[in-house]
Amino acid sequence: MTEDDEVTAGSGASREERRRDPSRVLALTDGVFAIIITLLVLDIHVPELMAHKHLGTAISDVRPSFVSFVIAFIVAAMQWVGHRDLFTLIRYTDRSVIWLNLLTLFAVCLLPFGSALLSRYYEDPLALRVFGLILIGTSVTRTAIWAYATQRPLLIHEPLDRVSIRSGLALSVFPVVVYVIAFAIAIAGVSPQASLAVYASGPVLYFIAITLLHLVAPRGSALRQFT
Amino acid sequence: MTEDDEVTAGSGASREERRRDPSRVLALTDGVFAIIITLLVLDIHVPELMAHKHLGTAISDVRPSFVSFVIAFIVAAMQWVGHRDLFTLIRYTDRSVIWLNLLTLFAVCLLPFGSALLSRYYEDPLALRVFGLILIGTSVTRTAIWAYATQRPLLIHEPLDRVSIRSGLALSVFPVVVYVIAFAIAIAGVSPQASLAVYASGPVLYFIAITLLHLVAPRGSALRQFT
Amino acid sequence: MTEDDEVTAGSGASREERRRDPSRVLALTDGVFAIIITLLVLDIHVPELMAHKHLGTAISDVRPSFVSFVIAFIVAAMQWVGHRDLFTLIRYTDRSVIWLNLLTLFAVCLLPFGSALLSRYYEDPLALRVFGLILIGTSVTRTAIWAYATQRPLLIHEPLDRVSIRSGLALSVFPVVVYVIAFAIAIAGVSPQASLAVYASGPVLYFIAITLLHLVAPRGSALRQFT
Amino acid sequence: MTEDDEVTAGSGASREERRRDPSRVLALTDGVFAIIITLLVLDIHVPELMAHKHLGTAISDVRPSFVSFVIAFIVAAMQWVGHRDLFTLIRYTDRSVIWLNLLTLFAVCLLPFGSALLSRYYEDPLALRVFGLILIGTSVTRTAIWAYATQRPLLIHEPLDRVSIRSGLALSVFPVVVYVIAFAIAIAGVSPQASLAVYASGPVLYFIAITLLHLVAPRGSALRQFT
């Protein structure tokens, strides 16, 4: 991907445009997210009733699977919303965007495993570390797409002002920082509860940050793009 | 999401329009429904033939899985048809519509578990309650999208008259009421059969209600939108 | 769905057009077919090597799963191609088309189970009957859509001449007849091999019939539509 | 598919155009790839902790599943990128393109099984052969689509010069050659390690080849199409 390619694209060569069209990238991405979102339900098995056992106690055995489904659903939903926000800015893909996006999908695919692990061994530092690595993977790759695309005016719809680029980057880096802290706590082995709490704060803080942005940012600013 | 945002959208800012475009929301939703619809077939395992056993008796062991597939298929199909009806009215999404839609998908994802539970323990009040909660979840979230979007003229294609808004709301609330009654019967623990019967009446009554609407509603009315 | 609705649609009311737009129906259908096509691979488990066993013999245990995957793939692929052919004629959907299409998907969803059953118990008349019922289900529902839509000029793109309608119907009914014969043989219990052979002849004959149509039908005829 | 059909298509008959429209072919293909990419994660089960066992050792049991997921992900991602490249050139499908594409999907569907087999028995010549056959299948069918479509000017967007056609063919045949060599080594039974190394070199060499093409090929050349 050189400067020249972009010039060619700008000159409107229709073959170039088709090559850079993001529609199939989005179709694949939406497909993967749809599967990830529904995948963990497969893990919630209907309990077999043994003799002398209530359905109530049997169902409570399913709780870890359910918790793991809820965690994966929330994280995947936020990732998908963030991905959608990102690609409302991006007009064209190139080789790097496509492969960075595939890297994001790679990390997203591991979410069900990570949350299943966490829901069962939420006090084990190793489980907390694995979950953290996956979360960091999904956020870092998305940040990379943001950084890469916003540096290349021909890849995005309208030029973004510097403030928007930096705030968007900050908003992208923000969950990475939260997850790295939680990961560091899990590595240090101080307290699994503290690590868990920091992980959980990630989506909450992100949600609050975006709500504030909506209130603060001037109308029409790219910062109001975020969902 | 404030009043101002909507004004901005109305002024045709193309970045706003892309942010509000529902196409990826629908792509994700259709993907999730396609998976939910096919998911339960995975539960219908080909029976292993033990010695001295007919394939006939072995296959009849698969019956609960099959019944559960049929239930989930009908409910999911009705939900999908209703979702499609709703989004033929909605032109733009905003942050609330997207998250309400993700809540709908969350409830829809639990349908396979609920119907698997019901098909095996259809006489157990707990199974009836869990199934009811999931059904109520799918219907309440869809009603919320209807109520939210129809109150915001800039989110929908053409302005809806008050009668249409209210009748559409009634049609959306209607299954909620049916499911709550069935749920209440399951809670009261009077008779599992009665609760089951009320659940089953849900789709049937909804189907009849829409057929009547098609016959009664004036041509071009939004009420004929429903499928 | 009354005559009046169609008139309204013909007058170009955009709300009507959105309600009748088949795009989400196709999105759901393609999603279901994509899952069905890949679903059975889940059944091909990598064998666990026991002591004193070659990977060769272990892999040959996987054969029934592989055969079942191949059968389901061929049948599902033909159904998908046929569905795509059908919907290149159909411009608008209505309530009946949507529900008939959901019925088709219902039958298609059962294909993995049917072919898994057949691949394991191909000599059992019951397995042959179940498989036959599923195949008949997929073909009958598609025939119903053809018959319904071709009778309603406002649902299809260009008016079809009577010869095309009838030949298309014949082509749709054709697999039904083949499957009913195979099913009848399985019921009669004469010979599982004969029943199997008739099932297998279905796709082959269909393929030949379409190839002949391509050679015989005049250019531009709807009969050349078939893939 | 005869010469005549193509002439009809060129004359702009809209029924012909709909029949040849590749959009549903791409929707099915993207769906299948999305599933294949996420499928193997289902194989990465959260380990059950036995008494006296660390989560660390339990997780390391999951390693073969993880390796198999990584292999399948890389191969499937490259296949998808290649498929996307190919279909930025192709404007219309016909019966042959559709069935060749379904053959590609058939081979792609077997990737999870092949990589699961390889990750567990990477020293077994039989596993290496099965994996090789699947890879050859995916590449040969894609090469066939390239060869078929580039010979038919009416199927592609812009006419391709001879150099582009041949180089594209070479690029398509290239992985086939690599895989056939690795397959031959596996057949000869000389050294599983050598076979594995040649397989692994496939994606690496392909990536290098495309990077070189991007540097060497003149601007606007179809050779820069490849991602």
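Each chain carries a letter (A, B, C and D) given by its place in the written order, and its residues are counted from 1.
Everything below uses one rule, namely that a contact is a pair of C-beta atoms (placed from the backbone, for glycine too) under 8 Å apart; a residue touches a chain by one contact, two chains touch by 3 or more.
Please read all numbers here as calculations on a predicted model, not as lab measurements.
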item: Those chains which touch chain C and also touch chain A; value: B, D
item: Same-site or different-site touching of chain C by its copy chain D, using the half cut; value: different
item: Copy-to-copy rotation for chain A and chain D - C-alpha atoms, rounded to a multiple of 5°; value: 90
item: Rounded Å distance between chain B and chain C, as computed from the means of their C-alpha atoms; value: 26
item: Distance from chain D to chain B - Cα centre to Cα centre, in angstrom; value: 37
item: Residues within chain D bordering two or more other chains; value: 27, 30-31, 34-35, 42
item: Contact set on chain D toward chain A in their complex; value: 26-27, 30-31, 33-35, 37-38, 41-42, 44, 46, 49, 55-56, 59, 69, 73, 77, 80-81, 84-85, 87-89, 157-158, 214, 219-220, 222, 224-225, 227
item: For the chain C and chain B complex, residues of the former touching the latter; value: 1-2, 4-5, 8, 13-16, 18-19, 21, 24, 27-28, 30-32, 34-36, 39, 42, 95, 98-99, 102, 105-106, 109-110, 112-113, 116-117, 120-121, 124, 126-127, 130
